[in-house]
Amino acid sequence: MTAPANYFGVLAEFADADELVAAAREVHAAGYREVEAYSPMPVEGLAEALGFRRTRMRLVVLVGGIIGCLSGWALQYYTSVIAYPLNVGGRPVNSWPSFVPVVFEMTVLVAALSAVLGMLAMNGLPRPHHPLFGIPQFDRASQDRFFLCILARDPMFHPMSSRQLLERLGPVEVTDVPQ
Amino acid sequence: MPNELETKHEPFLERGHSMASVTNKISSIVLARGLRWGWVWGLAISFAGLMLFLVSVTYLFAVGVGVWGINVPVAWGFAIINFVWWVGIGHAGTLISAILLLFRQEWRTSINRFAEAMTLFAVACAALFPLLHLGRPQFFYWMAPYPNTMGIWPQFRSPLIWDFFAVGTYATVSLLFWYVGLIPDLATLRDRARRRFPQIAYGILAMGWRGSARHWKRYQDAYVLLAALATPLVISVHSVVSFDFATAIVPGWHSTVFPPYFVAGAIYSGFAMVLTIAIPLRAAYGLHDFITDRHLDNMGKVMLASGLIVAYGYLTETFTAWYSGHEAEWYAIGNRAGGPYAPIFWLLIACNIVLPQALWFASVRRNVFALFALSLVINVGMWLERFVIVVVSLHRDYLPSSWAMYQPTFWDWSTYIGTIGLFASLMFLFIRFLPMISIFEMREMVEESAQEHA
Amino acid sequence: MPQIFHPSMNTISRATIFGAVFIIGFIGWLMGAVVRSPYATSAGVIKEQPVPFSHEHHVAECGIDCRYCHTSVEDSSFAGIPPTQTCMNCHRELWTESPILEPVRASYRTGEPLVWNRVHDVPDFAFFDHSIHIRKGVSCATCHGAVDRMPLMHREATLHMEWCLECHRQPERFVGPRELVFASAASPADESKVAQSNWIEAYHVQSKTDCSVCHR
Amino acid sequence: MNSNFRQPDTASDVPHRASDGSQFWRSLEELEGDDAFFVALRREFPEYANRLTDGATRRQFLQLMGASLALAGMQGCVEQPQEKIVPFVQAPEQIVPGKPLYYSTAMTHDGAGIGLLAESHMGRPVKIEGNPLHPAVPEIMSAAAETNRLRFGASDTFAQASVLSLYDPDRSQTVLRDGQISTWDAFAAELQATLSTLAEAGGRGLRILTETVVSPTFADQLRQLVELYPNAAWHQYEPINHDNELLGSRLAFDADVQTIYHVEAADVIVSLDADFLADGPMHLQQARGFANRRRVDSTGAASAASMNRLYVVESSLTVTGAAADHRLPLAPRAVAAFSLRLAQALGLQLEASESAENATSVGDQIPQEWLDAVAADLQQARGRGLVIAGRAQPPFVHAIAHWINATLGNVPGSVEYVEPIAARPELQLDSLRDLVNSMRAGEVHALVILAGNPLYNAPADFHFAAALENVPLTVHLSQYEDETSARCRWHIPELHFLESWSDTRAGDGTVSIVQPLVAPLRSGKSLHEVLATLLGNFAASSYEIVRSYWRSRLEAQSTEANSDVVWQQALHDGIVANTGSPAVQPTIRGDFAAVLGRQLSLSLPAGEGISVVFRPDPSLWDGRFANNGWLQELPRPLTTLTWDNAALMAPATADALQVKNGNVIEIIVEQTAISIPVLITPGQSANVVTLHLGYGRERAGRIGNSVGTNVYPLRSSGAMWHAEGAEIRATGRTHKLALTQHHHVMEGRNLVRAGTLTEFQEHPEHPAFMFEGHVPAEDVSMYPEHKYDGYKWGMVINQAACIGCNACVVACQAENNVPIVGKGQVLNSREMHWLRIDHYYRGSPENPEHYHQPMLCQHCELAPCEPVCPVAATTHSSEGLNEMTYNRCIGTRYCSNNCPYKVRRFNFLDYNRELRQDAVLQLASNPDVTVRSRGVMEKCTFCVQRISAARITAEKEDRKIRDGEVVTACQAACPTEAIVFGDLNDAGSRVRQESASALNYSVLGELNTRPRTTYLAVVRNPNPALR
């Protein structure tokens, strides 16, 4: 039995998704907030069960898109109107209709990049080392098992009570996760 | 989202599969020790093709683009034909993943992964040609806008610059899309791998994914948004490629129908190529449970539809040429059907329009061999279509005084075949080292079908 | 199962991803800096010459006019390199024994020309005409710098296209009175400042940026 | 462009300049091994847009194997190598480094001289122009305001290309004895020995064989020779000679005369197989005269009288025939018959003889209405008519032409006679026959062949080679070690006319001094020097010989004090004042009809089957230009054939023989057979096969060797121009013919606007034929117009004036460093000519109308090529030029695809590799134009280097460029002034006037490309009676 300080949390393993969702609701209802659930594929309603709703991904992508759009247009305007205005086939230096395709591509490019990088950043990835990876059975979190973990940093966390709460929810097994 | 199709027809996933079984089945292809002889031979042959490509490119750089058959008036030859052909093929992947995802067609699940891979490799092959066909490839970077000592910039009115951006963006976004989709599966491989090296390799690539609920949530949002971005992108890319022709004044090029029918053509050839790859794959690795006959059937339908749009494109082209009332425009059409290259034109009509009509029959769509044969035919047909557009339009344009013929040389062919080698090599490496079907999405299907039958 | 990665990998992996952006940026900046540096342009680099000819001595100290040696600068594209004879005009009397002048005397005796290393070498696809620039009031010093302070000749300008454009886009910044074109590099800029735009009008300076102005 | 030198004072140093020049060049030769020096020399002109060696050598290939794709990136950063500057030791006078100088000189061709201006950069001639002061040379833009601008004259393809021959690396460089390298002194010694033995017998056994001699100095030397060796003999022979003219004049006048045609004075011109627009000593003036009478202005009335009418009766399609209002293709003997009939129709009384019968019988294929129409027209145009007989026609046709011109009073209006210009007019065929006979008889001990290549081009039945075996000492002076050199004991390298002194006479006798532009690039001797050695003077230089001859002659005749002044003036002007042949008024001999009757029987060979027609090649002439790449690759007029000769035949004839283009046929004439590919030529007379001379050379040089088929074997002394009853059979073999244009039909597109004078006069303001097909719409652009205030360069090409002679094409190639690509590349449509002459025909394939359309960059204001370039390598200048920046080009070739005129040319391979490797060849390059590297696009620039030179000159004088100050290379060469260039914003400019003409139109204007190059429609003047 290790001191709370060295705890990462307690981890409960479930056989299928529905049990996990149910358990998550219980734990959340019990007032725990620093709880995390792990599943081999996205589970409908799981995040909500943990009280997690808004991801703010859309905002990130929108901002990215706007930046891309403006920079694309600015680039073309600067190069063909300000930097070196040339008479190309009698077209005006600012022949904006010809600039549309590049503006569009730039918009998509920056938006897409911000989506991916934003997702990684907000998920705190990359994180190749994680306490849970130390738990042998956690391997199956990426295959066919479902886990619920009450984190030690939760104010309500107590090695004994939290463990008991989880055990009450009918898991396959409950394990302590060291730091 | 329960899909009523599911209940009526046979499912997209054969019965009796558990999460463990799908995970095991797919990931073991990658994690299994040793190499299958079929794979080794396949890779060896494709690699020979790749070597041929390197030789051709070296000779090309040593002597100049004059080693090809191009001339004036036909200043674009195989290089551009292959470019358009590969880009076209590179459309199915993103289209299947993105558009079908948005339309919630979960039959995409079992084919999107390698379709995306195919997209990436096809785009890679395509992207080579615009560089190779330059008279002075050593200065390709002048197409990129960067502050330079010459104080001069790219010329943004040129469709080639649009290409540069469009294809560049498309390649990047496709790569991101593909990689994001891979992350959870890479985690699976990481956790299932028993040897040190794969653990580290997949571990780094998986970025420490651990399937947390919050992560999944953001992941899914990001994925859907990417799909939403990729969809218009797919459309735009081949439209831009078609601008290379449509914005030019060459009779036979200068036509507003080009963007839509190029996109249709791209989907057409893209799906054909997916089939060309899927059918042998599922046979070789016994994936009939995941890539079912219904998948083939659906793809057959998509091909039929896009094929008809392409046919419509040909008709519109002819009409506008006649309607323009310019001898050169009208002559260009007549020259396709009756000129020195007429056999190629009629072959293209046969490959792209006549034979594919067989797809109206379910029996054909369900017949693996017929479908495979058709997919090859369509690939050929789409290549011929680009030949007709590029060469046959150019070789007789406005002034009869400058009309001339175009004959491809050995190096034209070797470069083309070489890129097929490159494509195949990448494909073989992919199926050996990465899961060719999205594992976690298959798990979702297991879950769903489980719920249905409960 | 044991951890695959050491905790430090978390930091490292993030650092690499986000560091990459900065690294790429830095490389870009570096390349830009290198192509403009003397290393690439050889601006400010002194070239070996058969004779260590000092412009400082001949121009500043002896007060010889540019045109005495560079005879065709006013009517030809090429400013002209003096024939050995020109050197001998004076050096028949002066420093007749000096060993550094031996190559000159040798050339004069044998008829073998002196072979100089070109200092201002514009690429062969760029055509520059001295005479018209002189005529339009661009002083020697504007491009060649304070030649009268160069014991050994070196190039001031990078001769990059952007450098040419600098003047062709804003001639008023460089064009001065014709009288001062051959003036020693003391400070022609100041005088020309006096009535900047006037010179442009007076000399009908129409410095174009059409490609064919330099590339034919 | 410098022109001050044209004042006498500077010109007065010309001989000194030459000596200074030679010193400079001698120092070059000393340094020959030294690379650094050549690097320095190369500095004289631009090299390559990038300095990569785009080699295909195996070694490089292996090197590159490893690098492969990465390679492209690496190549980008190659730094410039250190360049050297090599100043003069003693600066030559006049030469301002970096500025061209022009010197007048002259070229002798086909027995007459043409006056030239040679543009010299730092002592190396790089471009040839015509000398407007020369009587044979029409001036360009003569009307333009008289400024200090340089005045240009027209020139022809041979003159334009001559500068390349000067630098030809294949020219022979050393004296050879039996093929072994020897020395001049050794030769002199042996010659002296032989001469001394011959001397006793008064030179019996010494024979000199020259080409047609017109050089006064040379003639004088020959006179001295004959004085020295009374029993020596001098023969003249050129395969393409004026024997028929000579005999014709003897027949008609019983006198030797030189005929001068004033074409401009003629209202009605009848050509009896005469290609007078492209052939003959005064053809440039004749072409100009013809063209001046083809221009019509918008006031149709005035033009009615002014426009001439041309009838051409010919057996082989020529540019003159293509320009005709009425062309009648006939078999050779039918042409002769036609002329006889014509004469009879005009009142010539022949006593009925079987020969006359013969003539009439042969002539039954002649359409009577044609005959009547021509006769009537000539009658009606009494005094203003002109009948010209071709050199290939038998003497009596020439006689008839003289007779008609005399009878109709066309003399002196449009025909003028002067004393012969040749030093010794003679029948060259007989002259050569004599020589060969005495060679066979062993009477010739020493034969000195001064230029010419008889072994290759003597009549087959003379068996010159065999006869040569009997001559103990044979000497051959020639520029190349050719077929004849190979069979002679001694070969002496001959100097090019641009590197040696001489003189020559124009078609009217006016003398020009031929002055060298450079001291010999390769050691060699001139005609004069070799002849001088025969006279015992081994050291004399051409300069001394020519100068001393003229000193004595001028002192003899020149009344005013100093003969040197006259000499300087002559050097400066390019002509020696009042040296023209005196005019003569020959009268038709009394017994003309009788003499003619006698001639007919000889001259009208009967015979069936196919007639073979021998003609000088438009590019290689008699074969002497075979090693000139520019001429080899020059598309032959009308056929656009390059790098080959072919059997030209009418479509009907080809069908009859069941052959197609490129099928090799065997032509058998009197047991001699040659194999040659077929080229079907609409307009060719039925059953007539045209063969061009000058091909199939064995020892021409690397370029000319075994190109095409040698047809001289078929050409016997009895059939110098026509061989009757030829037998033809297909061999089943095929041969690829490199044509630059495969399709001569307009496919119902309105590319060339053409009408008749009558149609034009109906609506002179807007002729109906100008508005057929598509008419360009007015501003249909969504974008605003670009304004061009300042210069607005434009060009107008008058298709009515263009005769398709190709001079402009070579001029452009010379001016703009356009590379030669070779037959293989031409076969794949990769020729590089910036300017090409498109040729279309309308009407029946038997005898269609021909149209020439010089096609070059149209400099469209809304250029389709520009917006598609991704790197802005092709853009528009503020003066409206469509600029191609080679060094920016990355070679996407998109611009070429998008050019409706297909005038852009691409360097698919490293076409300048040889140039870069050959230090001497490089000297031929124009230093004002970049030599393009592999992988870049190029095209016509409107000679921007000339514009910019003119601008700099004008700016220095604080004025605008005046009209006529910028003359493009093509314009300068054009004998008919079909090309006019200038500032469209200059109200007074000629180009402005022509662009305002009612006949002005844009090719493909309906595409809204707004070309700056516009065209004037063809207006023809057919005889209503022949409609």
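A, B, C and D are the chain letters, set down in written order, and residue numbers restart from 1 in every chain.
One rule holds in what follows: contacts are C-beta pairs under 8 Å (C-beta built on N, C-alpha and C of every residue); 3 or more make two chains touch, one makes a residue touch a chain.
These numbers come from a predicted model, not from an experiment.
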| item | value |
| --- | --- |
| Which of B-D and C-D has more C-beta contact pairs | B-D |
| Chain nearest the overall Cα centroid | D |
| Interchain centroid distance [CA atoms averaged], subunit C/subunit D, Å | 46 |
| Inter-centroid spacing, subunit D versus subunit B (mean Cα positions, whole Å) | 57 |
| Averaged-CA centre spacing for the pair subunit C and subunit B, given as whole angstrom | 53 |
| Mean-CA-position distance for subunit B and subunit A (Å) | 30 |
| In subunit B, residues with contacts to at least two other chains | 150-155, 157, 161, 190-191, 203-204, 207-208 |
| Sites on subunit C at which at least two other chains make contact | 1, 4-5, 10, 13, 165 |
| Touching two or more other chains - residues of subunit D | 864, 867, 869, 872, 875, 877-878, 888 |
| Contact set on subunit A toward subunit C in their complex | 84, 120, 126-129, 133-134, 136, 139 |
| Residue numbers on subunit A that touch subunit D, as the complex places them | 84, 86-92, 95, 98 |
| Subunit B partner contacts - residues on subunit C that touch it in the complex | 1, 4-5, 10, 13, 28, 32, 35-36, 158, 160-162, 165 |
| Contact set on subunit C toward subunit A in their complex | 1-10, 13-14, 17, 165, 209 |
| Residues on subunit A engaged by subunit B in the complex (per definition of touch) | 17, 24, 36-43, 46-47, 49-50, 52, 55, 57-58, 61, 75-76, 79-80, 83-84, 86, 88-89, 91, 95, 98-99, 101-102, 104-106, 108-109, 111-113, 115-116, 118-120, 122-123, 125-130, 132-133, 138-144 |
